[in-house]
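Heads up: the structure comes next, in structure tokens.
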Amino acid sequence: MKQFSNKLTAGKIASLLKVQLEGNPDSIINNASELTEANSQSMCFLGNAKYLSAAQECKAGLLFVDPDIDKTNLPATNMIIVPQPYMMFMLVVRQWLQIDNQSQPSVIADTAKIASSAHLEAGVSVGEYVVIGENCRIGADTRLMNHVSIANDVEIGANCLFYPHSVIYQEIQIGNRVIIHAGEVIGADGFGYIAVNGKQEKVPQIGIVCIGDDVEIGANACIDRATLAVTKIGNGTKIDNLVQVGHNCVIANDSVLCAQVGLAGSTNVGSQVYLAGQVGAAGHISIGDRSLVGAQSGIASSLPADGKYFGSPAIEAMQEKRMWISLKKLPQLMKDFRKLLKQHEV
Amino acid sequence: MKQFSNKLTAGKIASLLKVQLEGNPDSIINNASELTEANSQSMCFLGNAKYLSAAQECKAGLLFVDPDIDKTNLPATNMIIVPQPYMMFMLVVRQWLQIDNQSQPSVIADTAKIASSAHLEAGVSVGEYVVIGENCRIGADTRLMNHVSIANDVEIGANCLFYPHSVIYQEIQIGNRVIIHAGEVIGADGFGYIAVNGKQEKVPQIGIVCIGDDVEIGANACIDRATLAVTKIGNGTKIDNLVQVGHNCVIANDSVLCAQVGLAGSTNVGSQVYLAGQVGAAGHISIGDRSLVGAQSGIASSLPADGKYFGSPAIEAMQEKRMWISLKKLPQLMKDFRKLLKQHEV
Amino acid sequence: MKQFSNKLTAGKIASLLKVQLEGNPDSIINNASELTEANSQSMCFLGNAKYLSAAQECKAGLLFVDPDIDKTNLPATNMIIVPQPYMMFMLVVRQWLQIDNQSQPSVIADTAKIASSAHLEAGVSVGEYVVIGENCRIGADTRLMNHVSIANDVEIGANCLFYPHSVIYQEIQIGNRVIIHAGEVIGADGFGYIAVNGKQEKVPQIGIVCIGDDVEIGANACIDRATLAVTKIGNGTKIDNLVQVGHNCVIANDSVLCAQVGLAGSTNVGSQVYLAGQVGAAGHISIGDRSLVGAQSGIASSLPADGKYFGSPAIEAMQEKRMWISLKKLPQLMKDFRKLLKQHEV
């Protein structure tokens, strides 16, 4: 059950979605919950008839119901009857979280260490023990939670949310409405060395990272700074926990990198690409727009756009599947073949 | 060599284990060490005859020795002769660490920021720069080390140990005797989006995480909060470093997830399951009780209980092994087959 | 563009490299940049004729140029004509960063909590909210950035650089000139349990970690402490982001572990070994000196020195390649074989 700070009426909720409410518009709702834990101030949803009996015992103050579900025995006095009730429910939750968020006063903790040359726009919130370096610029209404560490010369847009313990190295640029989860590191040195007589000599990493608008980056993910130039994450791209993006990678807009994906250096990822969990990609290759790459695949060379890929090395997914089906039959084939050889020799 | 804060006598050590001491019960022991670095106040073990010569030169003040080992030339004046001396030695170390731990005074650092509505039971220790949010409840004798960050409405049981820089998001529930290593993140948003016209729209993540008793979670591991409802880690389950547990996963009791394992969302893991390093599991599947899954395997669909599995996709381990043995012979088979075809055509 | 804190003249830059300057030795340079963003105080390089047109429009105050490139239309008034201009450029950048670094005053932040028994040599810098435990020793000119957390009894050498939020557990030993990136955890407990009646009983981890000189460790990497004895990282070894090194591993000198590599416990890695991204290694094995292991490989057993290995399980790379080429042809082989069988039966 998610308890919201602000209460809404059932009528207000219906109006947020521009849908019809059946019932009392003045009923007060203050939480979103599952059917089984609802109380009279809960908002719930019923999208699948298999949860009907749970809904029949549910005390929710507001129920989103699919039009195709039989409503005769539902006790809910307030209903919003819409297709895709789960999605509508979640749309309300999303707006409600924003309302809660906006009603929080912006506070700058006394313990925050903010360089005198840093510039914070109106409405910026800064949590306990946050450190903000010289010449940083932070856009309006951005919130930095406890222990966030921001080095010198960083630019952050408006309406961003930085969870505790996120770390931003020097000179990084971050867009608007970016969400950064805890423990993530943006701008650590790319992994570049030149072997000289068996010793690894460090190549200095003096490029930057540029993160677009509406990006979300998961907990403990790492986006390395470029050697020269820029490591780039395009607008709307979503990156899950524990992902590694190497130096000088360029990811276009609206792509999705699931947990534990790793990109070696200087790889280009197109737009609307989907890399499933634990995928790895070699360096200096291109992954075409709208590619879908299956979990744990190893992308060893460039992939054309619009394909589905799988395997290590990743190839066209149907071919990989045929190979794997053949491989399953291989032990039997071996036996049959030896038998045949014997017959042949005789 | 591990130097303990508290000294114990050889007699006390024997009594902790309820075993016989041969030698002087008043000898003072203050450290646990390997044979090669021992001094007169060291406790050591000799479980394997191949270390006999090291033991013969060892000045340890107390030696655990296997009964089957010849003791004629051992200089140790104090011995505990037991089967499995390594295990007995480690049992003493474990108790000794607890004794040291309990003798540490509980301190709440002046720099800790603890919300006035938070409730800490007796004996809670809070390190430097710790932040504890509103309405948190922390059980007796739990220790939060430096820089731990705990958001609002978190419940933590008794006798837990949180290493530095661990991060707990809002509303998370944690049991008793839980150990959380540095940099770990519990409760970050699950990775949920709905694609609308090529844009990824965020699905709000308003569920929680519930961690049972006696769980240990490794450094920089991530356990995501549920979309709705709960991501659950059962009692006694052990999770290694850099593991990713997706939203709404439910892991039962006494399972083991080795380093860098990744579980996608809504996957059920049974009890006493063992997932070796770098294993990945798809979402919305079940891994049966007592399954053993080999390193780097990719679990693509549900696995029945009590099996051994291996490969990507993971299948029954013996079948995977047969496939791989066949695959090794495949290049030769290809040659033989072409030869046969040629003979055939002729 | 990397703006340096200290300005250098073109003449000084040439003298750092002991090379000839063509042009005015008194020209002031204050940044390193790409050709396309250069200004009159930029240092740039031109190593490849395909960037000639960019160089012809470049206003750089100093240009490193390959001797084989036609210089007739280059507007740069100051040039250093050397083979491998990129490498020479980077050598200057590296020295320049050191000059900038050395000109930074060493500061100990008021908010740092340093135990009275800790000893800091001359020139140590300590950032905001750093915590240093009892009996620590920190060598000359080492810099600890914001929020670094160092437990008791840690020894750190001279000229090290710890980025924000790095965590060092108790009793760890770290050499000279070591670079530790943000969020990294050294010395967390190894993942050791003994199953007793289906419960995982924790094996106490009382060994240490010993890191040699000139090691670099990436963001959010984890190096676990030994059960007994020591987990060891040899001189000059470089470890990338999100790498896991299990307890009691011993890595020799000058090896390279790319991002997301995972080593299980007690594994030995030789010197000058290269493990590409996402490689996993089983425990209790040895990886010979100068081994090269391809991305995502799973090292299941010991590997002899000087080989190239690939696959999961990792085998000699050429054999793996032949197997994979055969596998690609396997679906066709299956068809041909069935056809042959049919002919045979008839």
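The chains carry the letters A, B and C, assigned in the order they are written, with residues numbered from 1 in each.
Basically, contacts are C-beta pairs under 8 Å (C-beta built on N, C-alpha and C of every residue); 3 or more make two chains touch, one makes a residue touch a chain.
Predicted model only: the values in this text are computed from it and were never measured.
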* To do: Specify, for the interface formed by the sequence copies subunit B and subunit C, whether it is same or different in terms of residue numbers shared by both sides, with half as the dividing line.
  => different
* To do: Please state the rotation angle, between 0 and 180 degrees and to the nearest 5, that superposes the Cα atoms of subunit A on subunit B.
  => 120
* To do: Return the distance between the CA-based centres of subunit B and subunit C, expressed in whole Å.
  => 27
* Give the residues of subunit A that touch two or more other chains, as numbers and ranges in rising order. => 129, 147, 165, 183, 220, 242, 260, 278, 296, 312, 327, 330, 333, 337, 340
* Asked: Which positions of subunit C touch subunit A when the two form their complex?
  -> 2, 32, 34, 87, 90, 93-94, 97, 111, 127-129, 145-147, 163-165, 179, 181-183, 216, 218-220, 236, 238, 240-242, 254, 256, 258-260, 271-272, 277-278, 295-296, 312, 324, 327-328, 330-331, 333-334, 337, 340-341, 344
* To do: Flag every residue of subunit A that touches subunit C in the complex, lowest number first.
  => 113, 129, 131, 147, 149, 151, 165, 167, 169, 183, 185, 188-189, 191, 193-194, 198-200, 202-204, 206-207, 220, 222, 224, 228-229, 242, 244, 246, 260, 262, 264, 278, 280, 282, 296, 298, 300, 312-313, 319, 322-323, 325-327, 329-330, 333, 336-337, 340, 343
